[in-house]
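Look at the two complexes coming up: chain A is in both, with chain B in one and chain C in the other.
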Partner chain A sequence: MSKSDIILEIKNLTKEFNVKTKLFGYGKTPTIKAVSDISFFVKRGETFGLVGESGCGKTTLGRCIVRGIDATSGQVMYYMEDGTKIDFLKAKEEEYKDLRKRIQMIFQDPYSSLDPRMTVYDIISEPLKACYKLSKPEIDDRVKEIGKATGLDISYLKRYPHAFSGGQRQRIGIARALITLPDIIVCDEPVSALDVSIQAQIINILKDLQAEYKMTYIFIAHDLSVVEYISDRVAVMYLGRIVELAPTEKMYSYPKHPYTEALLSAVPNPDPERKMRRIILQGEVPIPSNPPAGCHFHPRCPYRGKECDSVIPELYELEDGHYVACHYANKLRLSGIGQVQ
Partner chain B sequence: MYQGKDVEIYAGKKLLEGEEEKAKELEKKNVLGDFIKRLFRHKGAVIGIIIIFLFIFTAVFAPWLTSYSYDKPDISVMLKAPCREHIFGTDEFGRDIFTRIVFGARISLKVAFISVVFSLVIGTILGAVAGYYGGVVDYVISSITDIAWSFPTTLLAIAFIAALGTGLENVIIAIVLASWSGYCRVVRGQFLSLKEREFVEAARVLGMSDARIIFRHILPNSVTPVVVMATLELPKAIVIEASLSFLGLGAQPPLPSWGVILDSGKGLLEQAPWISLFPGLMIMLVVLGFNLFGDALRDVLDPKS
Partner chain C sequence: MRCEDRKNNDILLEVRNLKVHIKLDEGILKAVDGVSFPIKRGKTMGLVGESGCGKSLTSKAIISINPDICQTTGEVLFYDSEKNEIINLLELEKDSAEIRDIRGKKISMIFQEPMTAFSPLHTIGNQIMENILIHKMKNKKEAKEVAINMLKRVGIADAEKRINQYPHEFSGGMRQRAMIAMALSCNPDLLIADEPTTALDVTIQAQVLELMNQLQKEYEMAILFITHNLGVIAEICDEVAVMYLGEIVERASVKELFRNPRHPYTKGLIKSIPKMGRKKERLYSIEGNVPLPLDLPPACHFYERCEYRMDGICNKQKVPEIQLSEDHMVKCFLYNNYDNIKQDNYIKQETEAADV
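Presenting the complex of A and B:
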C-alpha cells in the first residue's frame, strides 16, 4: 500500500468527558474516556466501517473526526491530492474553511437533524452559502442536481421537513452533506432510525453516490449485516478502543478477537439448516469511568489468560492488513460467520 | 383491449397526479392558515383580538373620535355626570373624560409597546449570548438577570424613576430596566435546550458561522415562547405605567394618562365617581384583552395541542 492511497489518518485520538459530581467543583472530577488513544487510517475511495455496541464511543469518535466536538488530544491528518497533509483539528481559518467542504457528515436521526423551521431547499443549500460564494442560479442548479442524485422530488423542495417521511428526510440529510462535493463523509448510523425496507434504499443510494462522486465513507453502525454489505474494511470498537481492524471478508470469516467472535455469533442467520454456536457474553459492559485494568474485555472474555487482567494489549498487525488487540490472537482459533461447517 | 386498459390506467394516473397537485397547494397554505384557523376557533382569542383592536383603533384615530380638547378647561361644565354631551362626564376643570381617556389610550399603548420592544430586544440578545456561549459569559449574565429578576417589577420601576426623575421617557426606561430579565431567562433556557439538538450540531459540522446558527437556526425555533411572553408583558407594562402615573411619577398633568385621570378623581370619589371609574374600567378591559389573547396564543402555539 503506497502512502498516496491514504486520505485520512487518525493518530492517538482521545476524547475525555468531565463528569461534574462534586459540589462547587472542589475535588478531583472523574473523567470518562469515551475514545481512548485511537489510531487508524482510511484509504481514498473506500468505505471504512466502524461497529460496536451502544456506548462504546463510535459516535463520539465520528464527531471528533468532523470537529462536531473538540477532541482532548490527537490528530486527524487529511492528505491533500498533492501529498501534503493538514491536521484538521488544528487547522487555521483558511485551511479550516477548505477542509470543512471536504469532510461532511450524515446524522443518525433524520427527525432531529433537520431544522423544522427551514424549507428543504434552504436546508440543502445552506452549506453552499456558508462555504462558497455562488450566485443564485448556480446554487439553484447544484441543489437540483444533488436533489435528483439523492432521489428527491425536485418539486417538493419548498416544503418543510415535517411533510416528509423518515426515508425522504434521510435523503435530505444526504443531499445536505453532498452539496459541497466532499471527499469524505462520516455517516453516523445513517440507517438505524429507519425501517428495514427503507434501510436498503438508503444504503444503495449511498453506494451509488460513492461510485458517482468518488467519495470515501466512514460508516458508523451497530448493525453488522449493514456494515458487511457496505464496507471494505471494518474496525470493531469496545469501550473506547479499537479491538480489531481488518478487511470485511477476513473479519467476518476469520475473526481474531474474542469480542468480534461474540458479536458475529449474535448476527441473526436466515438459514435454519445451519447450526451456529451462539456465544453469550457474561456480565455487562463495564462503566467507562472505571474500566477494568489490563484488557478492557477480560472480565467477559471466555478465553482469558493470566496476563489479560494486568497488561493492556496493543493493536498490532497480525496478518497483512489484519490488526488485533489481543494477547492470544495468534493462538486462538475463533469462528466467524463466513465459514462452512 | 390492451390499449383500452392502458389508457384507463393512464387516466387514473393523471387523476392521481392532479390530486397530488391539489394536496401540494393545500400544504402551502396550511402552516399559517392552520394557525389562524385555530386562533379564531379559540373564544378567548376572539374576544381578546376584538378588545385589542378597539383600543388600537381608538389610539390611532383619537382626534377624529371626539370634538373636545383633552387639556382645555371649560368652567361652565365642571363635574358633570355622564350625559348626552359628555358620555363619561367631566372632571373638576370641565374637561371631557371620554376625550381624555381616548387620548390616554395613545399614551398607554405607546409606552407599553415601546417598552416591550426594547426589553424584548435587550433580553433576547443577552439571553442568546448567555445560552449559546455558556461558561463565564453565561455565569455573569445569569447572575445579573437573577438579581434583576428577584425584585418586584413595579418596585424596581419606582426605584429607577426615583433615580431618573419623572416623565414618560423615564417611565419607558424604568419599565425596560425592570422587565428585560424575564425575556433573558426564557431565551437563555430555549438556547440551552436547542443548542444540544442535532440540527444545530449539524449546522456547526456543516461549517456555519456562530451568527448564522444563532439567527437562522436557534432564534426562529425559540420565537414561540418569546412571542407569548411579550403579549403577556404588554398589559403588565400598561399597569406599571398607570401605577407610576397614579403615584405622580409618570406622565404629568395635564397629559391624559389613565393613571393621571384616576389620580385626579381620587379626592372627588363621593361627588364625581365617574372621573376615576372610567379610566379604571379601561385599564381593566385592555389588560383583560391582552391577557386573553396571550393565553390563547400560548394554547394555539403549543405543539402538543
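Presenting the complex of A and C:
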C-alpha cells in the first residue's frame, strides 16, 4: 500500500490521567493509563470502527485525535493530499487552524452537546465563522446547503435546540461538523442515544454524506452490529490497548483474539432461530488504574497460558492487514459469526 | 371469565384494557391507552418499543408504583396461588396492606439503573434483608443467611464480606446482580424487569441474561421483560408485545414475531437494525419521529409514518385488534378483511424478500 492512501497515522499515542487521592497532594498519585501506546493508521475515504466496552479508552482516544484533550505522548500524523505530513498534536497557529478545519467531531449525547442558548443557525455556522472569513450571504448559503444535506428543515433554523427531537439534534451535530467540509470526522457513539428507528435514519445519512463529500470516518461505538454495518476496518480496544485490528469481514468471521470472540458471541442476536454458541466471560473489566500484569485480558480469558500473566503481547500483523495482540493468536481456532448471504 | 375457569390454567397475570392517562396543561397525555396481555406461569413476556411508548408505565402500573399524577384504569388480574383467588391489583388501595403484601413478595421488580435503584445510605445486605424481614421471617440472623445465600446464588464472590458493603463499592454488573438477588429473595411468582441490561456492557449483559434464564428455571417464575433491544427479546422471551404510542400493535410468540412480523411498525423495527453477518444493504428506516401522545385521534397512531397507510381508513377509524392465529394478534387495518389474501400475500412475500 502506498503512503498516499493513508490520511491519518497514529503513533504510540498515550494518555495518562493523574488522580489525586490524598489531601494536598501528599502521597503517591496514581496515574490511569486510559490510552496506552496505540498505533494505527486510517486510510483515505474509509470508515474506521473503534469498539470496546465502557472504560476501554475509545472516547479518550477519539478526543486525543481531535486534540479535544492533550495526549501525554505520541503523534497524530496528518497526510496532506500532496504527501507532506504534519503532526497535529504539535501543530501551531496557522497549521493548527488549517488542520482544525479538516478534522471534526460528532458527539454522543445530542442533548448536552448543543448550546441551549444558541439558535440552530448559530450552532451550525459557528465553526465557519471561526475558520473562514466569509460574508453573510456566503455563510447563509453554506448553512442552507449543509442543512439540506443532513435532512434538517431549513425553515426551523432560527429555533433553539430544545425544540428538536433527539434524531433532529443529532442531525444538527452532524451539520456542525460538516460545515467546514472536513476530511475526517471522528464520530463518538453518534447513534447510541437514539431509538432504533431514528438510529437507522442517522446511519443512512452518515453513509450518504460520506459518499457525497468523500470523507473519512473514525467511528467509535460499543454496538458491534452498528460498527460492522458501517465500518471498512475495525479495531477492538480493551483497557486502553488495541487487541485486534482487521478488515470488518475478517474480524467478524475469523476473529483472532479471544476477547473479540467473546464480544461477538455476547451480542444478542435478533433472530430466535439462529442461536450462537455463547462464551460467557467470567468477571468484569478491571479498573484501569490497576490493570492486571501481562496481557490485560488474561484473568477473563478462557484460553490463557503460561506467559499470559507476565508478558504483555505486542500488536503484530498475523495475516495481511489483520493485526492481533495475543500470544496464542496463530494457535487458537476461534469462532466468529456465521456468514449468511 | 369467572375465577373458577382460570384457576387451573396457566395464566398468572392478565392485564386488561389498562390505561394510564396523565393530565397536563396542554391536554391529556395518553401514555398507555388500552393495553391487554396475559403473562403465563413460568414464561417470559417481552414488552418492546421505543422511548415514550409507555412500556415502563405499563409495568409500573401493574404493581401500582406510578406517581399520583397518573390516572390508571382497567384491570390487572393476578392469580394468588396461596389464597387460591384472583385479585384485581388496581382495585386495591394504593399502598394498602394487601398490595404491599404482593409487592416484593409475589411480584417484584428490577430496574434499569443499577446505580440509582439502591439507596446509597444502606448496605447492600440491609437492603436485601429488609425485603426478607418484611415478607418472610422475623429473625435477623436467619434473614442475613438467606441474603448471603441469595448473593452467592447470583454469582457474587465473597458474599459474606460483600453483604456489609455499600452500593458504591459494587460495579454496575454486580449491582444488577445484587438487585436480582433482592428481587428473588422472597421467591416471587412474577419478576418485572424494566430494561435490566440496558446500562450494562455486552459481555456483562450476556452474564446477566444467562443468570436470569437459569434462575427462571430454578424458581419457576414468570418474567415481564421490558426492553427496546430486539436482540435481547429474541434471546430471552417466549412471547412479545410490540408497543407504539401507548398501544400494543402486535403480539405473538417470539418465533412467530421474528419470522412473520405483520404490523408495518414491527416490520420496520426489525428491518432497521443492522444484523451481523448479513449483506450490507442500505438500512431500512421508518420515516419521521414518534409524535407526542397528546390528544391523539382514535385512529392508527402510526399513520403518519406508515408506508402502507390508507387515507380515509387508517386515519379516520378506530383500529381493530385482529387475531391472525391463536398466538398472533395485530392491530392494523391491513388485516381487517382477512379474506383479502392478496394484500397479505404481497406483504408476506416482501417480508421474505427482506429476510434473504
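Here is the rule we go by: the second predicted complex is superposed on the first by the 337 of 341 C-alpha atoms of A that agree within 3 Å, B and C clash if a C-alpha of one lies under 4 Å from a C-alpha of the other, contacts with A are read in each partner's own complex, and residues count from 1 in each chain.
To be clear about the criterion, a residue touches a chain if its C-beta (ideal position, glycine included) is under 8 Å from a C-beta of that chain, and two chains touch if they have at least 3 such contacts.
These numbers come from a predicted model, not from an experiment.
When the two structures are laid over each other on chain A, do chain B and chain C clash or fit?
The answer is fit.
Which angle, in steps of 10°, is spanned at chain A by chain B and chain C when each chain is reduced to its C-alpha centre?
If I round to tens, I get 80 degrees.
Contacts for A:V267 in the overlay, against chain B (first) and chain C (second): which applies, first, second, both or neither?
second
Examine A:P127 and indicate which partner it touches, taking first as chain B and second as chain C; both and neither are also allowed.
First partner only.
With the two complexes superposed on chain A, say which partner A:K97 touches: chain B (first), chain C (second), both, or neither.
Once the two structures are laid over each other on A, A:K97 reaches chain B alone.
More chain A residues touched by chain B or by chain C?
Of chain B and chain C, the partner in contact with more residues of chain A is C.
Of the partners chain B and chain C, which touch A:N204 in the superposed model: first, second, both, neither?
Touch partner of A:N204: chain C, not chain B.
Is A:R67 touching anything from chain B or chain C once the two structures are fitted on A? First, second, both or neither.
It touches chain B, and chain C stays clear.
For A:I218 in the superposed arrangement: first (chain B), second (chain C), both or neither?
A:I218: touches no partner chain.
What's the minimum Cα gap, in whole angstrom, linking chain B and chain C in the superposed view?
8
After overlaying the two complexes on chain A, where does the chain B footprint on chain A coincide with the chain C footprint?
Looking at chain A, the two contact sets are disjoint.
Once bound in the complex, which stretches of chain C touch chain A?
Per the stated touch rule, the residues are 50-51, 171, 173-174, 201-207, 209-210, 228-235, 254-255, 258-259, 268-270, 272-280, 282-287, 289-290.
Mind pulling up the chain A residues that touch chain B in the complex?
Spelled out, the residues of chain A in touch with chain B are 63, 66-68, 97, 100-101, 104-105, 107-109, 112-118, 126-127, 130-131, 155-156, 158-160, 163, 173, 176-177, 180.
Which of the residues in chain B come into contact with chain A in the complex?
By the definition above, chain B touches chain A via 24, 27-28, 31, 197-199, 201-209, 212, 216-217, 220-221.
Contact residues on chain A for chain C in the complex?
53-54, 165, 167-168, 195-201, 203-204, 207, 222, 224-226, 228-230, 252-253, 262-273, 278, 280-281, 284-285, 337-341
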